[in-house]
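In what follows, chain A forms one complex with chain B and a second complex with chain C.
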Partner chain A sequence: MSQSLAKKCNEVKERYDTCFLKWYSEKYLRGIGAVDNNECSALFKEYSSCLQVALKERGIDKLLEDAREDNKENDADLSP
Partner chain B sequence: MKVFSNSETFNYSWEEVSTANWQKYCPWNEKSTHVVAVDTISRSVDPATGILRTERLITCKQTAPEWLKSILGAGMEESQVLETSYVDPAHRTVTMVSANLTFSSLINVQETVVYHPLNAHQTQFTQDAKITALCGGWQRIKNSIEDTMVKRFRENAIKGKEGFESVLAMSRRVFAEEKEREKMGLIREQASNIRMAA
Partner chain C sequence: MVLTHTTNHAYAHPLPTVTLAFFLRYCSPQLNPFAAHVLSTDTISTHVDEATGRLHTTRIHLKKSRMPPSIMKLLPTSLTGGGGVDKASYILETSVVDMREGWMSTESRNLNFVGVLSVVERQLYTAATGPANPSPAAGNENTNVATTVVFRSRLGERIRDRLGHHQNQTQHLQLPSHAHQLAPTATDAAQQEPGSGWFARLGARGIQRSIESLASTKTQDQLGKSREGMRMILERLRQSGIIGVLELRKMARERSAEAA
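After this line comes the complex of A and B, so read on.
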């Protein structure tokens, strides 16, 4: 698996990535089970809260907001 | 604005390609060493369409040539890209749209990658990148910046294909081994059940 930009998030990221990959290949692609609230949700929450701190520290959170704004058109086209 | 387009065929099923795509920048890929980190920022599934939308933050080591770095400003060791991807399981497509977060007031790079199945064993990859230098001033400098980026895309496209091929090969092997292990586990379990019954 790839690294996180914040070293302290690596351990939980690894666990989340492994969980997601298993869910994606074994359930999502086969249309099995609940989609949004699945077995990886709790891990993602943990990973996310670790990452949010790192993004804020680096000032990336603001850049992300701008990029999201610019991507709205793609969202409308690709996930109508 | 300059455009870079490319397409490739991978001799793997769409399911394999779309799964390995999540591991594209792992240590199995020795060709993408400029990618130092990949973080998932958000992820959700649309309940109506089943489309999986993911935002990933991709952190790269700065590889811009020295003259371009001096225009962009020194001290930027890392640059970031936001990749928003959409997996559509009904139409069996993966679409990824990437935009640069760093230097976004100077250069705008918009890349779209689509993976779709050609048949049960082959997947088509198409890539389009639009590069626009936004800095005011001489057209000649803008052209040089755009040309440099297009050249970089061309070089990375070759490395990207080679790197992803090795991830796909490794992924197929690991999945096969896992299946084999599960099968062996099942056989052992059955054997012990039979012994217990006897």
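After this line comes the complex of A and C, so read on.
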């Protein structure tokens, strides 16, 4: 993937992305193993805690809240 | 004010590969030269619904502003942040994959500038079915994509996010004199109801409609490029598989790190 929003999260993001893409292509898409992507969840946790700080620093957490409110108003549903 | 644009497209690749390409499409400018405007990509949340087996993913992308200069010209500099052409937009992307039923559904929307223009793009990827391929999920070679983009300008209306003010506290610094005549300050302009101030003089509805139609024209061009990018990733996947793509990405990354 491209860079992370926050430089300091790049390294863990890179490891998570690689894990996710392997799991997705080799297991999820083939219906192999448990449905949950547990094998990447420890990495995701680490990545996420780094990212949350960056989102807050840039005020993006607030933008996300607003978007969720808008979604509720529009009653967005992703099912086809 | 709402403008909707709908297109249909087919990729000559099976659905699973196309969904993988969707996740990979901004992976590196070396793999997808049409993604050079994407500055960053992060996953905010991801989980598989145990009951349905669906994969839900939320990502946030930072892209160099796609707000066309023609739209920027319509707006007072106080709203566009001075050198607005270089401004970056945050894009929220949500996706759901259901391999059992054979579809992927995605939505992308801008998080800032929503006061000027909100663009919501929805795509539905489905395995192409025909008489020869009755089963949706099993080994079809083609994938159909239906894309709907909804443009909405709420310029001048009262909304929560006032033109990305959360991050842009400094954007009214360089205000040229002609913009002064149009907009007292960015905040004033955004808070004013239609019918007062510069919106009344210029016609808020007219400006909203212009913004929507300019953005629509720009987006049709952009959709073509985004398909080209997907096609390049798909070709790479066909040639070298996911492991090959991951290797290429790693090499590209190391090269750019050396160059930096």
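A few notes on this one:
By our rule, the second predicted complex is superposed on the first by the 72 of 80 C-alpha atoms of A that agree within 3 Å, B and C clash if a C-alpha of one lies under 4 Å from a C-alpha of the other, contacts with A are read in each partner's own complex, and residues count from 1 in each chain.
One rule holds in what follows: a residue touches a chain if its C-beta (ideal position, glycine included) is under 8 Å from a C-beta of that chain, and two chains touch if they have at least 3 such contacts.
On a predicted model such as this, the values are computed, not experimentally measured, just so you know.
Of the two partner chains, both chain B and chain C are touched by A:F44. Judged by the touch definition given at the top, the superposed model places A:T18 against chain C, while chain B stays out of reach.
After overlaying the two complexes on the shared chain, residue contacts for A:G59 are found with chain C alone; chain B is out of touch.
By the touch criterion stated above, A:L29 is placed in contact with chain B and with chain C alike.
Across the superposed pair, chain B and chain C both touch chain A at residues 1-5, 9, 13, 16-17, 20-21, 24-25, 28-29, 31, 35-36, 44, 47, 51, 55, 60, 63-64, 66-67, 70, 78-80. Chain A contributes residues 1-5, 9, 13-14, 16-18, 20-22, 24-26, 28-29, 31, 35-37, 44, 47-48, 51, 55, 58-60, 62-64, 66-67, 69-70, 76, 78-80 to its touches with chain C in the complex. Those residues of chain B whose C-beta lies close enough to touch chain A in the complex are 15, 18-19, 22-23, 25-26, 35-41, 43-47, 49-53, 55, 57, 59, 80, 82, 84, 86-89, 95, 97, 99, 101-102, 104, 175. By the touch rule above, chain C contacts chain A in their complex via residues 16, 19-20, 23-24, 26-29, 35, 38-44, 46-48, 50, 53, 55, 60, 62, 90, 92, 94-97, 99, 103, 105-107, 109, 111-112, 114, 124, 126, 160-161, 164, 166-167, 242, 246, 249, 253. Partner chain B is touched in their complex by these residues of chain A: 1-5, 9, 13, 16-17, 20-21, 24-25, 28-29, 31, 35-36, 44, 47, 51, 55, 60, 63-64, 66-68, 70-71, 74-75, 78-80.
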